[in-house]
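Multiple structures follow.
Common to both upcoming complexes is chain A, partnered first by chain B, then by chain C.
What follows is the complex of A and B.
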């Protein structure tokens, strides 16, 4: 078999080099791989789902085996997801694996980006790949949002509705953009079929193309590596692709799939039969979006009731928290390699990674950004938190408004100090130092200095 | 060797789990067992491969040299080839300008059909289907008399013939008339204390579906905007800024509720030229 291919393509020497390609061995390099594997699992399970899903808003009567909804008028889309969940064998487990994989996909992408950020792996010459990766994150969010909306249940309808009001809030162009995107005033009939095309064709197609580019650039530029004996800016030290890295990656892929299968089988997610079909006149309370959207929901909740009119132009209260805030946040993230280069005047090539403590400023900023995101995400559940703690929603909102401004800078400053201390003490926060400090005693002997 | 035996065991376990998975499917399927067995089948492979890589293989570290990319270097060869396109052209700028102009206008021409995606918003955002004299009906199409409106709850009403219409839905409720403190101009809008407000939240468009009858407040579950029904649904808490537009009501000869006209303002979330 190998000989057959070789005699036609002449790949012997290239193949040998490729199989020997060096991959530095560190667990943090596997996070990006997990994102890749999630995507593969999403394509596989998604293909299965597509065979049963109907992107159709036509009204039908539900007549399936789920008693409480029988006889209700639902959309054909909702009906098909119900059939997939209750009547298609292995349908429900596939759907749940798909949803869990989507959540883990975005999560591992974000963690991978954090790794790249905190270790400075985005610096020259890898700015380009940062942009490619960032674009894939945007696509992943788009995929998540469109996919969430496809079952046409009550919860997804709420998400769409809020998306519509965010679009319409854009000054001047908003009403036009919203009308073009939704095919008229919300709710419209065409939206399901449009979301479907985006979700199964355009967005995954773009993702696959960018994924190819991401990996090709990585291959061409070679891996970054952490500092260590024998490692320098001009070499890469690590295990070869075959057999070590290949077997390890296969193992991690199977492990990712195994965990997702376990969650898909045992942990219920998005039970649309409990939410019921979409209905323009009702909303499920409390409604929670998928985790990566929660921060925008939180920002919307915290924003004060303020809708100024400037020169006859109203700035809707959705515009700042739901459009401008994420817009600015993501712009800074996307352009970070260039911003940092400006700030530090460091245009040199870097292949050795920083430890987060080496760059206290960058680490502090990253920590502050993550805390900002966390506070807003928690604020997105303020009604749930208020309910559990038996506090007024109003006071929760006030608390989070304060936290949003206080927590990130304080956390950032704390991170800055810790980094400085670690850097000066040269101690690893997790690994214990192996040596002990000896002190000469007055009698001329030695004694151990107790570690503080 | 011990590790090797473990790896063998993992693959064997995976094999058994896969067989089990097929059996479960053939026996009619079960979400939980399918998940568990699939996880075992994959997990066996996972642990097997990972142990194989980390325990069985004694792979030495390889060292590869990098090739440093200096700025500006390495483009000589490419530009040499690229230059061929302009040999024999006398006015390059004009040619290049025209070519890009053609490409750009073609792009624009091809993008214009995206306007078919939706209608021009026009006045539609300022209007709903309520017209003077149209009866207010519930979601089943039944007409409503003031006495039918509960004092402690809400009914969702639509203009007759458009039951379920998204932008025209209104909440109908009733309070004792002497409690009302509506704006002067709306004095005649609430026959026998019946009030109708747009059900679409002026914040982000969720249906305002909760009524706290004690406090006489409508509450939106999405971000907890709260509206005081006695004063024309002015927001009292939460991120909403505009009051819920009010529907002027009247009672016709037969004693049923009808609309005097459209809502007092544009319904739903704000946009740049929304009228207050």
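What follows is the complex of A and C.
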């Protein structure tokens, strides 16, 4: 059969070469695959959810089996998610797998990007693929935010309201952009159906297109690899696509699916029935967004409520933490390959990866950036952390304000020193090859000399 | 004869003027366990305890039955612990505190008469901001926490609403509204969480932790163990 297709389509030699394509066999190359498989699971479970979801803001009376909400006026959207959760067979587990998969999807995308960043895999000729990957991260955040808002429960409504006030805080254009995006002043009936189109068509469509481009570019450019015996800028050492890599990837897919199914089946996530339907006048206290938006929430909690007036325009306090800060951060991340090339004047092609210690400056910057992000994310949960650790919320906020400025530079400097020391010690962290070699002396004995 | 009638008159006046026996031993208990902070006549002591003259039976019953009073450390928030008093002693203390002045009496409760659905919306609108949508508690600032409601009895809930303990405001609900809310909290306490393990019920923060530290970290660990750092050699 395969031979039949091959000969008709003239794929003979291409297919044969493809099967022998070499993949590096270091575990860190598989994190991107976890992200890919999370995405596939998201599409599969999402398709199931779409069969039952109604993107409709019309008011209906809830009549389902969850007693405490029976008789309440809810939106048709909320009603359909309640039906999914309590009446549709396997609806709840699908919802939960979908939500867990979304959290792990963004997490694995970020870790994959960290791998690429810290090993310098983004350098020429792979800058383009870095940008493609970065754009997919942005799409993932958009997918997460729109999906989080679809159930139209109290929590997601609060998230939307914050998104609206962030948009409206942009000087000059803000009110127009916000009213254009939401179709009027928040809350509007249009917003659910718009979010739905974004969430199930536009953003996934773009993601799939970029995913194709990402993998095609990867295929064409071949993999990077870590340094090692026999590895050079002009070869790739690893295992072939068939059978090793193909089976390994299948294994990773099964593993990802298994872990997500386990979480979806066993651990409750986003219990919208507790939050109840969205009501513009109510906020439930620990109202946090999903983790990948938490840092923006944290930033708005930490920034003082300044409203400076610039050129006669008052800048709303949301603008700095919720628009300018992420804007700058993401711009630097997106353009990093070009920024680094400027800084190092290194325009050569690189196919061999750095060990993070080889580039202390880059590593230090990355560590500082991650720590900044982590401090803000934790600050987004400051009330819960305060409760758990039995500390005053106000002191938590003061602590995080300080930490925001202190922890990243200190962590970065520490990372810099550790990298320098490791590099100077010439010892490999993975224990491959010690720092010395044995040499035969002229007298016939052996002596140890440091590896050069 | 004169002597006898005089004596009788004295005895009756004493009996009429003297506090009842119950109040007597209530006062005794109060002086032993409470006066050090709230003052001998319940007027309160600066920095130790507030005045109890307007507290009423509801506040006293709430504080005593949840074991919050007697407080150990006047600087720290009172927390729920086993009560140190017997049923009888509690009743004596409550009526003594109630006799100190005007205050809300112990409200009557009938959770069976409550309407779940109305209770849910009242709870979300009035209580969830502090106690969380799932009643798991939350921080409220000023070094105070709104406790989890999973240990509260219907009586305690009603008393908390009418007396407004600590940082909690007093709620002027009707009896029906109180019963609705109590019915809903009782529903939360007894119903099983749909969807599996309830990870704190406080929303996306614990969910994010589980996603990272169970989901992704678990996956990556398996990969590190199974695939390792690669053994391929150049050919």
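We take it that the second predicted complex is superposed on the first by the 427 of 452 C-alpha atoms of A that agree within 3 Å, B and C clash if a C-alpha of one lies under 4 Å from a C-alpha of the other, contacts with A are read in each partner's own complex, and residues count from 1 in each chain.
Following the convention adopted for this analysis, a contact is a pair of C-beta atoms (placed from the backbone, for glycine too) under 8 Å apart; a residue touches a chain by one contact, two chains touch by 3 or more.
Note that this is a predicted model, so its numbers are computed, not measured.
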item: Touched partner set for A:222, first chain B, second chain C, both or neither; value: first
item: Partner chain in contact with A:182 - chain B first, chain C second, else both or neither; value: first
item: Contacts of A:238 with chain B and chain C, given as first, second, both or neither; value: both
item: Partner chain in contact with A:161 - chain B first, chain C second, else both or neither; value: first
item: Partner chain(s) touched by A:301 [first = chain B, second = chain C, both, neither]; value: first
item: Chain B versus chain C as contact partner of A:265, first or second or both or neither; value: both
item: Partner chain(s) touched by A:103 [first = chain B, second = chain C, both, neither]; value: second
item: Touching partner for A:30 - first (chain B), second (chain C), both, neither; value: second
item: Partner chain(s) touched by A:169 [first = chain B, second = chain C, both, neither]; value: first
item: Overlap of chain C and chain B interfaces on chain A (superposed complexes); value: 92-93, 96, 230, 235, 237-239, 248, 251-252, 255, 259, 263, 265-266, 281-287, 383, 393-394
item: Chain B residues within the chain A interface of the complex; value: 25, 28-29, 31-36, 38-43, 45-54, 57, 59, 61-66, 68-69, 114-115, 117-121, 124-125, 139, 156, 164, 166-167, 169, 199, 203-207, 209-210, 221-225, 235, 237-242, 268-274, 276
item: Of all residues in chain A, those that touch chain C in their complex; value: 24-27, 30-31, 34, 67-72, 85-86, 92-93, 96, 99-100, 103-104, 107-108, 111, 154-155, 226, 229-231, 235, 237-239, 248, 251-252, 255-256, 259-260, 263, 265-271, 273-276, 279, 281-291, 294, 377, 380-381, 383-384, 386-387, 390, 392-394, 430, 432
item: Residues of chain C touching chain A in the complex; value: 116-117, 119-121, 124-125, 128-134, 137-139, 141-143, 145, 184, 187, 193-199, 201-208, 210-212, 214-216, 218-220, 222-224, 226-234
item: Touching residues on chain A, where the partner in the complex is chain B; value: 20-22, 89-90, 92-93, 96-97, 125, 158, 161-162, 164-166, 168-172, 174-176, 178-187, 222, 230, 233-240, 243-245, 247-248, 250-255, 257-259, 261-266, 280-287, 297, 300-301, 303-307, 309, 312-318, 322, 349, 351, 383, 393-394, 397
